[in-house]
Amino acid sequence: MDKTGLVVSAHAADFVWRAGGAIALHAERGYRMTVVCLSYGERGESAKLWKNEGMTLEKVKVARKAEAEAAAEALGVADLVLFDIGDYPLNIDAAAIDRLVDVFRQVQPSFVLSHSLDDPYNTDHPAATRMTLDARMIAQAWGHKPGEKVLGAPQMYLFEPHQTEQCGWKPDTILDITDVWEKKRAAIECMEGQEHLWDYYTNVAENRGNQFRRNSGGQAGGRPARYAEGFQSIFPRTVDEL
Amino acid sequence: MDKTGLVVSAHAADFVWRAGGAIALHAERGYRMTVVCLSYGERGESAKLWKNEGMTLEKVKVARKAEAEAAAEALGVADLVLFDIGDYPLNIDAAAIDRLVDVFRQVQPSFVLSHSLDDPYNTDHPAATRMTLDARMIAQAWGHKPGEKVLGAPQMYLFEPHQTEQCGWKPDTILDITDVWEKKRAAIECMEGQEHLWDYYTNVAENRGNQFRRNSGGQAGGRPARYAEGFQSIFPRTVDEL
Amino acid sequence: MDKTGLVVSAHAADFVWRAGGAIALHAERGYRMTVVCLSYGERGESAKLWKNEGMTLEKVKVARKAEAEAAAEALGVADLVLFDIGDYPLNIDAAAIDRLVDVFRQVQPSFVLSHSLDDPYNTDHPAATRMTLDARMIAQAWGHKPGEKVLGAPQMYLFEPHQTEQCGWKPDTILDITDVWEKKRAAIECMEGQEHLWDYYTNVAENRGNQFRRNSGGQAGGRPARYAEGFQSIFPRTVDEL
Amino acid sequence: MDKTGLVVSAHAADFVWRAGGAIALHAERGYRMTVVCLSYGERGESAKLWKNEGMTLEKVKVARKAEAEAAAEALGVADLVLFDIGDYPLNIDAAAIDRLVDVFRQVQPSFVLSHSLDDPYNTDHPAATRMTLDARMIAQAWGHKPGEKVLGAPQMYLFEPHQTEQCGWKPDTILDITDVWEKKRAAIECMEGQEHLWDYYTNVAENRGNQFRRNSGGQAGGRPARYAEGFQSIFPRTVDEL
Amino acid sequence: MDKTGLVVSAHAADFVWRAGGAIALHAERGYRMTVVCLSYGERGESAKLWKNEGMTLEKVKVARKAEAEAAAEALGVADLVLFDIGDYPLNIDAAAIDRLVDVFRQVQPSFVLSHSLDDPYNTDHPAATRMTLDARMIAQAWGHKPGEKVLGAPQMYLFEPHQTEQCGWKPDTILDITDVWEKKRAAIECMEGQEHLWDYYTNVAENRGNQFRRNSGGQAGGRPARYAEGFQSIFPRTVDEL
Amino acid sequence: MDKTGLVVSAHAADFVWRAGGAIALHAERGYRMTVVCLSYGERGESAKLWKNEGMTLEKVKVARKAEAEAAAEALGVADLVLFDIGDYPLNIDAAAIDRLVDVFRQVQPSFVLSHSLDDPYNTDHPAATRMTLDARMIAQAWGHKPGEKVLGAPQMYLFEPHQTEQCGWKPDTILDITDVWEKKRAAIECMEGQEHLWDYYTNVAENRGNQFRRNSGGQAGGRPARYAEGFQSIFPRTVDEL
């Protein structure tokens, strides 16, 4: 049975900054990783492109799509699904939710990644998260498209927003991404329109690496991780050992 | 290198109701489990004994100690350490904290269990938790008793209080204790003075078992755990895989 | 003037597990109890039925309706109103809200019961609560269907969700349902499709009974309730005595 | 370059009770103040009018509009924009949001005022706030109506709800409105349909004045403000000096 | 059996501003009300007195004591107990707690009133609350001074702090004090050293009266209370009817 | 009248990492900055020194003191006050609080800086904050050392802890420290024992700089700050303009 993971990204670049390490790491470990981009971030997160003469919505989408595909390839994404439902705001309707339910059913992910529960700067982000929780619930319903394999109870992790404290985001899981850092940085550099964020998320990864070291033992035996990513879990873990 | 765990229990019976399954399970898995009882609960949690004619503090402590020892044996506790600092309120002073630091240093636990961060019914419980956090921090200090092996960064889990919602306790970890349930029930029955709680905590274990099933997959593949315990983590986990 | 109460249940069985005792108790005390089921839980909470060969949505709804009617009768519900707006997700539109406003106006309830404000497992539950708060507000508006009797300010109680701590639900009111426990258990047993929850909610009722005893005086005079239900209030109480 | 401010008020009177002092003060200081009233509060906040014989929705709206205009004039509002999208509930659709985005773009406010994030009594209030956050975000998007001047990052302040503690509202900014109190009181008295609230909000202003004195130094040098208004910020301030 | 109530006030005047109405009302209803003042507020809440020439700590205490006694008489307090443990900070030690335990045991209150759980302006206030929770717990212990009548489980209400939102205080109970308002105002006027607060707390009482009207039915039948006090409960209520 | 600021640092290095920019910036602007170090961090934050052969507590203190003095000089601190009350845990008693009250009275700061309200990794940090709030309150008391100039109501800012999200710290104020960054970096490099944190806090400063740009206008006019520090306010601001 395949190991699989699902990432739901509001805009084309979110999966790179916020979960690129997790994607690359699990891809290396044999997980088949599916990334859903609900939009290209074509209106709200493409300022640099829009400053060019003669830009149109279609041109921006083409450019952002190329970036997302390049980043996905750098990370080893198995399937990049582009919903193209528009951004600022996301146009989330019943059809879009249904489409995400189908992805859940097909992928049967071991875990799902999406945005923080709140974000006053960017209401698309929590909207994507709510949509993902709705879709997860519907995918578990035996009466939704009866006969299909229903979804189990995959953990849902919230990846890191831009300003964590303003979004009420508190990580409970720190993932060592040292081994795949080069891939994440390569994916980050595919995002040509947002060069002002490259170093920002490199700093984040380094500092989460420091926190990995500290929380795994610090100066009395912590593991020398250099880069990490943080995640907040929605559901309790079920375990056999503490 | 030995695997070890540490439990800090405000009163003699707390470790049984709240962490008996975790103790027995890890003992079976080869962990050397140390339980510190800060007090016998001799004043505040021995109502049944005090209703007897001619009861004295010493007699209550003797009776409660015998119960705690019997329960510890039933659970496979390797070391039961009785601080006897008094209860209602716990008399936590610098010497008591220092003694707990020593235990931390000697045990070098992989994980620590203690009470919820708040409890308006029983202020001894959060006081024990604060003391444990203090002791953990001091045990990590290279300048405290230099030359001793300093503590790493063990996870601290908060076990289940009596009325979870009133104590702001939210479990993020559910441990399957089905295999050791008989041992936990046996330990519970050692607590003769609190028979009114036997079924209460059996109900809790059954319902946490239901939650284990639900969170591990529900009707679409959840594991058939019958008994479980819930825990809240204080620190983020450091992991290699989600 | 009649005493009345209103329960808004997202799915057909919710009013039984979560408020069956409150319904039966108030019915016995002369309250005319109205229960609105927004859906039958036909898609999301009927797994056992769907595992049968040849099942259809209509058949599931018929079966669930029969269960809900039987449970309502066992509890002494005066009026069971089935909105049938679909589940997973609930299809809450302006017409559905308007219909609920009409119920509020007709019933003029002394109190309203609905779900917790949050539930990451089941987003239908908080959606029902938000709808109920919307409808309560509209029913209070003098300009909505002018001429009708407007609604006063009934307390809104949130009944117990499946995993209380994950839903941010904190009970501030514990209701003794010992006298009507047999009715609640009978209603529970009407829910043939969810037999795995019968004992779960019996355990909950017993443990809330223990908490009733404890909070009403404990070993120093608490009342010997054996079964209880917990509720969280939304609005402050207005009282003449503490 | 003009200094400007924007107020988004769910119902016709909200901007008066909750932000009348801020509006009048900034108008006096040369800010061009724009107030958007999403509705007249014609259904839900006009009880006194509806108790009159022969009242109709149109008559109520006419009366409420006249009150709002009089109050706006008393406060020195430069532009009163009446969206008339209906109340209880507000009918917030894509067109309404788009219209608010246009206002943001045209006004280019230095700061925005709206309602608290939560209000169980009145779900129109937080709905207006969410709409304002959505519109602020869209107005910042370079790809929304390209060529228009995009919005910067104005602070968003939440003005005071009726029952602050029930709405989770916590002021971090207290504004001295002593100099414009007469204007605010005059505007309040324009609200003939809600005379029961005149003294309520006068009391609020006096008590916030006391808090201004206390927080600016108290008996050891606090400024003798007599009237004030409180506000909660959404975003961090960016400063050159603490 | 007597009905009794207990109030624990950090400083001499707190019980007047924050619970004077509740005290007078319950006294009128036949409750024997005991008020414990932990200190006179002699250092921290007597600025006006200290501004006089030749003032000494003893003179301030004498003056404040006289005020407290006059206010207690105005309110119908049965027993005013002055602990005189010092203020800013309160000197809470084991002996002081023990003394409060004795009061709990003697009074056997139906309910207890004390301060909010947090107050960044005045750390004496939450210290008094923690001390009261400690004492309540110890008074319930069968092994504390065995033979005495142990305490049951009285509700603990938190009365209103000066700046409610900054103290995280949320009232869930509003008490109509219209009938005893004159007594509360008279008691307030006994506090000659804090005349700047007389109108502040009159405003508070009027506005809580408005909230009583609104929460008891508003324009559709709310009771015409003119003055009220708000309280936050610590423990769930145990009830027979919602 | 002098402008002054006060910083209360639990350990010798905290003021550097967490508030070095604010100190240097205000010193340049003519503020007289006082820094209180409650301890040298000699036991808990000097691991590197303790790994040396023959180290003693006195030697560590001497080394840490030298580092703190060098850093203070680099930042332009006017007065570095070393309380030397011990660390892990801080030994906070009445005498230490009294000493801090004296500092408050002498400095009469416009603002105070201290640690976050919570920190599960390091309980010395919130202990220092509580002590500071206690001392601020006592310094405001007219009856404490009557005749001295009492303290007004200075804002208290909480500076940034190591793992912000775990400490419940949410910045509401971002200070541009670009102009003094070189001084902060120089002070950081005085902390020879904690070289592993140099780049960590450089990353933090760069990322807060990004947040400054974003919150001051982003791509539509944000100020090009390169380095910043974040702070959380305890008290509301009193202002004349929003």
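Assorted remarks:
Should a chain be cited, it is by its letter among A, B, C, D, E and F, assigned in written order, with residues numbered from 1 in that chain.
We take it that a contact is a pair of C-beta atoms (placed from the backbone, for glycine too) under 8 Å apart; a residue touches a chain by one contact, two chains touch by 3 or more.
Model, not experiment: these values are computed from the prediction.
Annotation of subunit A and subunit B: jointly contacted by C, F, touch as defined at the top.
Contact with subunit A and subunit F alike is made by B, D.
Inter-chain centre distance (subunit C to subunit E, centres taken as mean C-alpha positions): 37 Å. Distance from the subunit B centre to the subunit D centre is 52 Å, each centre being the mean of its Cα atoms.
Looking at subunit E, residues 47, 121, 140, 142, 166, 171, 211, 214, 219, 230, 235-236 sit in touch with two or more other chains.
If you sketch which chains touch which, the pattern fits none of the simple shapes: not an open path, not a single ring, not a star, and not all-to-all.
By the contact rule set out at the top, the touching chain pairs are A-B, A-C, A-D, A-F, B-C, B-E, B-F, C-D, C-E, D-E, D-F, E-F. The touching residues of subunit E, counted against subunit B in their complex, run 97, 130, 133-134, 137-138, 140-144, 146, 156, 234-236.
Contacts from subunit A toward subunit F in the complex involve residues 47, 121, 162-166, 169-171, 196-197, 199-200, 203-204, 206-207, 210-211, 214, 219, 230. Against subunit D, in their complex, subunit A makes its touches with residues 42-44, 46-47, 50-51, 55, 57, 60, 87-89, 120-124, 166. Residues of subunit A touching subunit B in their complex: 5, 22, 25-26, 29, 110-111, 113, 140, 142, 149-153, 155, 157, 171-176, 211-212, 214-223, 225, 228, 230-231, 233, 235-242.
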